Amino acid sequence: MPGNSFGHLFRYTTWGESHGPAIGCVVDGVPPRIPLAESDIQVFLDKRRPGQSRFTTQRKEPDRVKILSGVFEGQTTGTPISLVIENVDVRPKDYADIAVKFRPGHADYTYFKKYGIRDPRGGGRASARETAMRVAAGAIARKVLGAGVVIRGALIQIGTLAADRRRWDWNAVESNPFWCPDAAMVPEWERYLDDIRKQGSSVGAVIEVEASGVPAGWGEPVYDKLDADLAKAMMSINAVKGVEIGAGMRTASLRGEENADEIRMKNGAPVFLSNNAGGILGGISTGQDVVVRFAVKPTSSIATPRKTVTAKGEDTEISVKGRHDPCVGIRAVPVGEAMLAIVLADHMLRHKAQCG
Amino acid sequence: MPGNSFGHLFRYTTWGESHGPAIGCVVDGVPPRIPLAESDIQVFLDKRRPGQSRFTTQRKEPDRVKILSGVFEGQTTGTPISLVIENVDVRPKDYADIAVKFRPGHADYTYFKKYGIRDPRGGGRASARETAMRVAAGAIARKVLGAGVVIRGALIQIGTLAADRRRWDWNAVESNPFWCPDAAMVPEWERYLDDIRKQGSSVGAVIEVEASGVPAGWGEPVYDKLDADLAKAMMSINAVKGVEIGAGMRTASLRGEENADEIRMKNGAPVFLSNNAGGILGGISTGQDVVVRFAVKPTSSIATPRKTVTAKGEDTEISVKGRHDPCVGIRAVPVGEAMLAIVLADHMLRHKAQCG
Amino acid sequence: MPGNSFGHLFRYTTWGESHGPAIGCVVDGVPPRIPLAESDIQVFLDKRRPGQSRFTTQRKEPDRVKILSGVFEGQTTGTPISLVIENVDVRPKDYADIAVKFRPGHADYTYFKKYGIRDPRGGGRASARETAMRVAAGAIARKVLGAGVVIRGALIQIGTLAADRRRWDWNAVESNPFWCPDAAMVPEWERYLDDIRKQGSSVGAVIEVEASGVPAGWGEPVYDKLDADLAKAMMSINAVKGVEIGAGMRTASLRGEENADEIRMKNGAPVFLSNNAGGILGGISTGQDVVVRFAVKPTSSIATPRKTVTAKGEDTEISVKGRHDPCVGIRAVPVGEAMLAIVLADHMLRHKAQCG
Amino acid sequence: MPGNSFGHLFRYTTWGESHGPAIGCVVDGVPPRIPLAESDIQVFLDKRRPGQSRFTTQRKEPDRVKILSGVFEGQTTGTPISLVIENVDVRPKDYADIAVKFRPGHADYTYFKKYGIRDPRGGGRASARETAMRVAAGAIARKVLGAGVVIRGALIQIGTLAADRRRWDWNAVESNPFWCPDAAMVPEWERYLDDIRKQGSSVGAVIEVEASGVPAGWGEPVYDKLDADLAKAMMSINAVKGVEIGAGMRTASLRGEENADEIRMKNGAPVFLSNNAGGILGGISTGQDVVVRFAVKPTSSIATPRKTVTAKGEDTEISVKGRHDPCVGIRAVPVGEAMLAIVLADHMLRHKAQCG
């Protein structure tokens, strides 16, 4: 019940600090006899890996994952799967300054207030480095879900520049460094973000992830609703400040007849004529695509000097020099996909237990 | 682990259908020797109670709560507190139609898909009636938090009409049927909602709840972050489709130096110069006000005829005649407050266990 | 996570004090579309009900159970089932003495030390009255398990007099007030217990419960082993001080070749030639009968004067006059059966989720 | 919620197979600012380590533990502590035989029935090697409990030979290879066990563990009683078939006035005149020593040929040649101590949360 685990039947626990010797996780509850190799996980880690373009942190981490247990001769055995990634490009010295000053907008302050001690090397547990293990666990969750459930994500807004949904093209997503579904927006984002990067600043973003192929019936009313667990999953990602399902915050301004998705029979099956619900009604999947969006705030580690205080309670200023993402939202795309896969895998097993 | 419970150390479980004999909950983990009477709970139930103005459902429920256990001579004993409310104004016949047709935008469809059976009387468990027990549990959570933590809520948007934050007045909130903090908006909302009500339609809303007096340090990284649990709590409320913390979705368009709340010493203590973080950094409370917003979609039970299908798979139309809220978001204000209190009480106890 | 719930997927929570207005429980996670009526539960409550012979407490409780939710037109709906039993024969005045003096061997002392307050009416939550709701939840668990799993229990020892296993007859069990499987022992126990009862004393007992029809494969290594959960379940029953699986404590004195149950094929299926394992190996069911035994200590409420102290810290003596069981172990037989059913139902669902 | 974790607030998860590359665990919920070094853990691992006398398995494992996270500059940070031990003396070839034949009395059979696959190298997860991580987690639990709670254990019976309680000497325990508290019994056990070892057989044992310094008030009625959790903890240890608290199974034959521990004031505090309760009443600690006993069955891997079947369903015989403990109960002493420490640490935190 302490806070480093997620899920009920598909359940994983992460450990490790950003600049400690390694990070890792233990994934428990995986059904047996599922083919699983390190390469099945590595492919998703490579999507999230830092240093792949000038728009993400220049920390060089190969992020090579090792499976230490739970797999025998290429198949899961039903026992816990232990994964570990060594930290390679560790520079604790970069963090001398933040060991004594709190970065505004960063967890430095609250960790110190909570625990009375913290590991200042790169943010310790509060670092986005922890999300590598979410991606690793998410790769296993995809295996549990099977090929019938397809999970994809895209970056739909950087700062004030939103992708145009009318130009949405899933094929475009993999061919630009932003996971942008709108190819026409890519050069604009490049210019915009180069500018921000050079100024030592940062900017926020919006990510959209979706799952197709989810059957109707997943989700546990009334507190472990599918959307409630998705909201928790996404809000638990570093820097996320808002989560939406389907039409999201916009539903507030809709009227009943605009919002409710009508239904018609088509080839013997009920079909919804729109998807404002984002594939979830009453906390249970409808069979439509599950659609989740979340906003990531701008990185708080910026070069611009900011007013803050020291651990001793003195006024000071801070300007962070380390290697940081100008838009951490970019690398949040594979993380959001992973969390969606994890929530779905957990609910698939829960549904099977009670109603399967 | 089934879905009808919430919280870890302050934990409650609700039961009961909208038109069954009663609804109730069991609240477990309450510290002993806290003064508690039925009237402490009733005061909050009365805020949520239906039929208090023409803008909420006309179902007449006195919502009288009874304490059946866990309290001895006016004090909690540390054992489970069982609460029950009898359903009085039950009209199962109103629901003959929805027993065979699915209401678009309603959980009718998904409950049937999940369980292969459902209690059609007024939505059964999917009815907003369940939220009465959230409010009851929330009243006990407030007692656990003590007088130092003050929780308040307001309705800040109905449909396309948003309250003006510059006119925010907490005193106004209790003096209008909408819990609106902007007195000037009240007559506009009255006209707007009367119109919608007469048309047999409905409309969405945005609620904001906040807690002051929360000390720095509450919240459990990295998955049970305070904001992650708040997101889950709010998204689990009927009809909620979006949740925001502090600046919320808007942070996507901010730059690092705009977003990060700067800090200065004041009277020997660190003070934040803004609150975009909504009182939470790295999933842990900062000591500032905790600020949460959520959007409620328009009620799906409307008089306007809508395309749908029957349980047998035939195309049909439905037009719902029962007694429904034109804007269910109004009664969501005390529910949102309750969920905020519950999440905070749980995290207070969790923090005390590990770091107290 | 507070202590008044049991089970993970089949999960129930009990509430209520021995001499409060009522006791009850909420059973969550029950699969939908299982036929269930109050009479299905009542039949087991009637087995446990006090006052049925001179060998159990003379408190007169009809123990009429009511289903308040989760069942629609005779079938479970998959939503929480709320059960309640009104307390009828309440005599709080009987307990004036124990409100100030601690009964040796009773939870009076520890509840007061833990909570700094207690409900002294009949032991409050510590009373064996709580076990009525275990029996009620157990009746539902049997329904979940289905007719293929048969659960039975017997009293095999009262004080120093043990039933003779060679005369074991399941038909005898229902035809005597002790649930004794050895008809020849019944008159001896009658004389023995009459004697103890007249002396105002009490005595301990051993209960054995078994389940046949459990398939191989239930149980979750390595901490939620089937036997580990059974040990917890039985030890959580009032007054239990020891739990054994299969050959139990006696295995300590066995050699490897005596203890290990050999296997042979028979009609195409593996058959064990003995059952020292009690149907469980490595925490997982083998397909043999699951066999559990537990010892119940003598009731601590006895008429014999005993040395004790008051809540204020003065030496005193206590002699308890109320209506108490001379051998509370008798009524523990249906309780043990219920806990066995509950643990199995929970593990059936857990197994189905991961490996089904 | 899958089965490889234990505890609620002090919670740990183990992973790894007996002959895989490594075993490990993640300990979460540890309070911050507790001094902790690898040597604090190593000292207990060294007690359990195999190959230290001719009476335990000859597998040579240095069992060197490494801390990978959660500790900064010698202090816990409140974040998860990851521990790992490399497997050094791995001989998968020893296990060719058991990959196809089921060892009677071993989990081989049930793992295969449950998962349809298993890692046969040395029993995989079912191996007693997993208990090394219990000992490691237990060492951290002791740190959480602090110096005021002292946990000790002893082996009190091997096969048919029981230690004499009248000669109990805690100083003797550390000076013989059996952890025997009765020095006079040691030579007898040596002869007895040499005999069994040479015959390629094995034998069971009884272990007693106790904790002094536990304050009154720990334990959560009514399902998470301190004794219920201890029963689960001990029964989850490999090969355990019975668990007793205080007078244990023997209470069945006692009368009320013999069993109930009387109380008297002494130096201003209540003192119990005996300890049949084993320090627990109503599931809550009394302040007396907590006393737990458990029986370990004889190792099922023996040289004597035994009837069994193959995975393909053919009758056969098996005789196990590997390196095995003639009395696995010896090494269960530090494991039982660890589980006692873990349960107490968890309940200390739980008590603090609700009543502290």
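In order of appearance the chains are A, B, C and D, and numbering begins at 1 in each one.
Going forward, contacts are C-beta pairs under 8 Å (C-beta built on N, C-alpha and C of every residue); 3 or more make two chains touch, one makes a residue touch a chain.
What you see is a predicted model; the values in this text were computed from it and never measured.
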{"item": "B-D against A-D, pair bridged by the larger set of C-beta contacts", "value": "A-D"}
{"item": "Chain separated most widely from chain A, comparing mean CA positions", "value": "C"}
{"item": "Inter-centroid spacing, chain D versus chain A (mean Cα positions, whole Å)", "value": "39"}
{"item": "Between chain B and chain D, centroid-to-centroid distance (C-alpha), Å", "value": "46"}
{"item": "Shared-contact residues (touching 2 or more other chains) in chain A", "value": "1-5, 8-9, 14, 29, 32, 78-79, 114-116, 125, 221, 350, 354-355"}
{"item": "Sites on chain B touched by chain A in the complex", "value": "1-6, 8, 14, 102-107, 109-111, 113-116, 125-126, 130, 157, 159-160, 196, 201-206, 216-225, 227-236, 238, 241-265, 268-270, 273, 276-278, 280-287, 295-300, 302, 304, 306-309, 313-315, 329, 351, 354-355"}
{"item": "Complex interface listing, chain A residues touching chain D", "value": "1-5, 8-9, 11, 13-17, 20-24, 26, 28-29, 32-33, 68-70, 72, 75, 77-82, 114-119, 124-125"}
{"item": "Contact footprint of chain A on chain C as seen in their complex", "value": "1, 9, 29-32, 78-79, 221, 349-350, 352-356"}
